[in-house]
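Both complexes shown next keep chain A, but they swap its partner, so chain B is in the first and chain C is in the second.
Take a look at the complex of A and B:
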């Protein structure tokens, strides 16, 4: 097991009280594997990433959680537990490439900064060469010229490639990509995903892809975990989950995807899309029973009382979901 | 256009505006000087001067001509660097001003350098741990520096280090040929002038740094394990210095203004004390020449500030900033 995250819980202290952003979330990612972490806004996806990196906001507190990365264990409740891994064992690609590079330093300087840490023995010339090489690998045209350009001279997609080049240079065991294509044109999405997969193939790292898009996950990921209101509701291989969603929430998420061949009405307002009605539960007070109970279309009486365990779906050991309907009596 | 062409165009357009600004400021100042009540002849010659002598001096200074004529004469001469002859000392006014300018520039720039060298590190240290006791202590220090008037600071420094301890000279700008002596004479006045600016700069640097540190590109550096010292002291600081440098341009006017007080207290010759004495005498031509130089200095300083900012932030030279 290359990467494992066990029982991660994170609280945010807010003026209105303590919000429990994550409750006992566990994940496993094999080397060379892409795990998609799916959930709607506010489900705690990015909190998982920042807790792993140790970059949570000051009002956040990890109340429990252990990460095992490349055989070493880290107690995430300690501040900066994984500081030694940043830029070495772990790298991250961010949601907003327009903002994630420093506007007053050249691309080259920022890439070489990553190398200062990753290969401390190298001299400047060697670093420049490695950085240029990385830009070439992420298919940024004219890498030598790019090195002396500033971020504002590059498009969003090009800037995201620069950040991917940074990740490439740091040769991580775990790459976290937090909504890497959300802020970009749809036309660039496939290219950026291809570069992330290319990076994975080159260094054989594990990739945690955080996204709200099931489409992205089913297209590119090996396995997926579904996060809802800070709890993991389902996990399995993409094929398993796609064929037989174990949790009603996962099934409803798939139903929300708009099939490309669906018939369209001439009057756009006549079109009907599937939505999941209701809102996320109050993160300060978890209701008893199943966390999804309020919005579930197949709930029964016990769902409001019993907090479901993590049950296997069908006969496949790796595919599990937290729904009482799967409990064997 | 390439970046260097854009930079050249940027500088050219700024130089054109410099010429216009100096012309406008000169006109304004010419009119304003004449609003000061009292006239040169009665101040200089006293109430018992003969009407003939008054008329002679008034004629020598060109004050008997019409305003439009005076302005034209002043402007056309000033454009060629001729500010006329001083009726008191019978020396060319240009020479008088050029004699004292190096003293004032030395004072202003040493004060500015001191303020930057002390103020920026204080701001950086305060921003490293916002809300800590160190931050609060530095805030108290900075704000007391800002709120104590230069006049009070000058007198206190003067009393302690010059009169009380005899560590440093009391007055003057020092022996012209002796660099060490001049530097010793420069210490107290420049500290007095710099102190308020130490406070300003440290507060500005702290605020700008904290704003910058909240930006997303800082998170990128942290995610790649760049040390907090390099992030604050290099990557965030360069960006945070842009607003600080902009304010320095405006602040240089204040620095020259405060130098009037400092030069008088420490009895230094300089453009500040020259203006002060000339206004007291209603010696308009000298005042005018001084102010033209100050305006020119101020404008050139701001041009330099803009160029420094264009160097710091490449987005400015493109013309968007």
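Take a look at the complex of A and C:
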């Protein structure tokens, strides 16, 4: 399933005013492709996912946006626009595993329920076998025993893997994974990514991977979109963006990454972490000019007044970024 | 000097699972100690035991030299010097009260004037990159990474002398993660606190902790000073963890 999201804008209303969480965000994911969505905490990544799934909070309002899924268009400003696709068509691995798990049912019951929905006619024993197999694939030890356990009897990372197993079993055409591996060590993370890619290769689904791990994106994703304060600042293939980030934010984000071989120094002041100084702009009042102005290390006068368009980077097709430096090289 | 935390031969079973299988370790005061290890290896269980939220079947835990006492009064008293940051931030934020209410409770516990507490809070929120307006929201109105930072801010506000953080950087972008770790390092030095960090992120443990242990299936399989631990790990599991690290510097093979 190919999916194209156009011009998505979402507001949250609060007693203190209306926060514009997303402003005109567009994304494209081809069939069989992994798109990595990265960006500052609070930049709106989960909001994109919730809008697609039709699961936004009550105080949210989609002010613009259409999703085209396999040629069919859905007007996202209408409530429940994509309801028909939830379940079989789209599945989401939530950032918080307890959002997908019911505390009063065993793991086995919940996994089998996914399979029952997918193929109502199937035989119970076969479903149990498939569920156990799915737990094994996400590297949970002792799958048979896990089937009879309740969510609170599992560790944080084990719960996360149950939710991933559930999503894999539903065989969706679009899989949205919101921080699927944050509670897992890198060996398990690698295994989970292999399973996601295995599913993609087998059924050709599209995958939206929301993550803070740039390592994960560069290792596994085909393309990358960068979100900042509700705006998409850059998009391109992983290789393009890695070789030549078009936006200063992307470059600065990559510079914050902590290499595994950096060693601790005796002088504590040498162990500082690189950060992007400055604050996110107030989501209620977008300042004029570039949204990243104020934190950018190469800003100039125009940046405070001109809102950059989405310019091509170099002469690479499909690689674009919203920085005035690209318009006036 | 007495150790901030010392654990000897901690054992705990959940049915067939040996969640803690003879764990012993000592964490000197004023240092940063890292705990890494497999998912399900007992890290969170160990933290809960240290906090007195989970009784051991066997073994002993001492906090600043004193054996852990399991009583409501002791639990409350411990909260004044040992603070947890839980793996699941939502669990430490009450869904029905605004974040402001949660923070005000700290003032009540510490008997600190409202204005002084809010001034400290303002500084902490700012260093964690959270807008001041965040305190007027309910927990479900903030993002995952914001919720984690709110939980951290509350723990810091309590001015603990020991801070135990379970996956404090999960769900944070690399820049905010850096802000948090710089702040923790600063507070550690200025207030001389003991910091225990449970994390899957070996790269950060390597930088912030003096000592670390690697856990697997309820046991400490390897431990020591971080430099040598990561440079020449003895355990196959530790080596696997280092080898599987997804780095951004190595670019994808073409083709």
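Methods note: the second predicted complex is superposed on the first by the 269 of 329 C-alpha atoms of A that agree within 3 Å, B and C clash if a C-alpha of one lies under 4 Å from a C-alpha of the other, contacts with A are read in each partner's own complex, and residues count from 1 in each chain.
Just so it is clear, contacts are C-beta pairs under 8 Å (C-beta built on N, C-alpha and C of every residue); 3 or more make two chains touch, one makes a residue touch a chain.
Keep in mind that this is a model prediction, so the values were computed, not measured.
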item	value
Partner chain(s) touched by A:326 [first = chain B, second = chain C, both, neither]	neither
A:197 touches, of chain B and chain C: first, second, both or neither?	neither
Contacts of A:150 with chain B and chain C, given as first, second, both or neither	first
First, second, both or neither for A:60, with chain B first and chain C second	neither
Which of chain B and chain C A:83 touches, first, second, both or neither	first
Partner chain in contact with A:96 - chain B first, chain C second, else both or neither	both
Touching partner for A:253 - first (chain B), second (chain C), both, neither	second
Which superposed partner A:41 touches (first chain B, second chain C, both, neither)	second
Most chain A residues touched (candidates chain B, chain C)	C
Shared chain A contacts, counted only where both chain B and chain C touch the same residue	96
Parts of chain A lying in touch with chain B, wherever the complex brings them together	53, 55, 83, 85-88, 90-92, 94, 96, 99-105, 110, 113-114, 116-117, 150, 152, 163, 166, 170
In the complex with chain A, residue positions of chain B that touch it	215-226, 230, 235, 238-239, 242, 312-315, 318
Of all residues in chain A, those that touch chain C in their complex	12, 14-16, 38-42, 46, 57, 59, 95-96, 98, 141, 145, 153-158, 161, 178-179, 182-190, 212-216, 218-220, 238-239, 242-243, 252-254, 256-260, 262-264, 268, 271-276, 279-280, 282
Residues of chain C defined as touching chain A within the complex	14, 16, 36-40, 43-45, 87-88, 90, 126, 129, 131, 133, 136-137, 140-146, 149, 166-167, 170-179, 181-182, 185, 189, 200-204, 206-210, 226-227, 230-231, 240-242, 244-249, 251-252
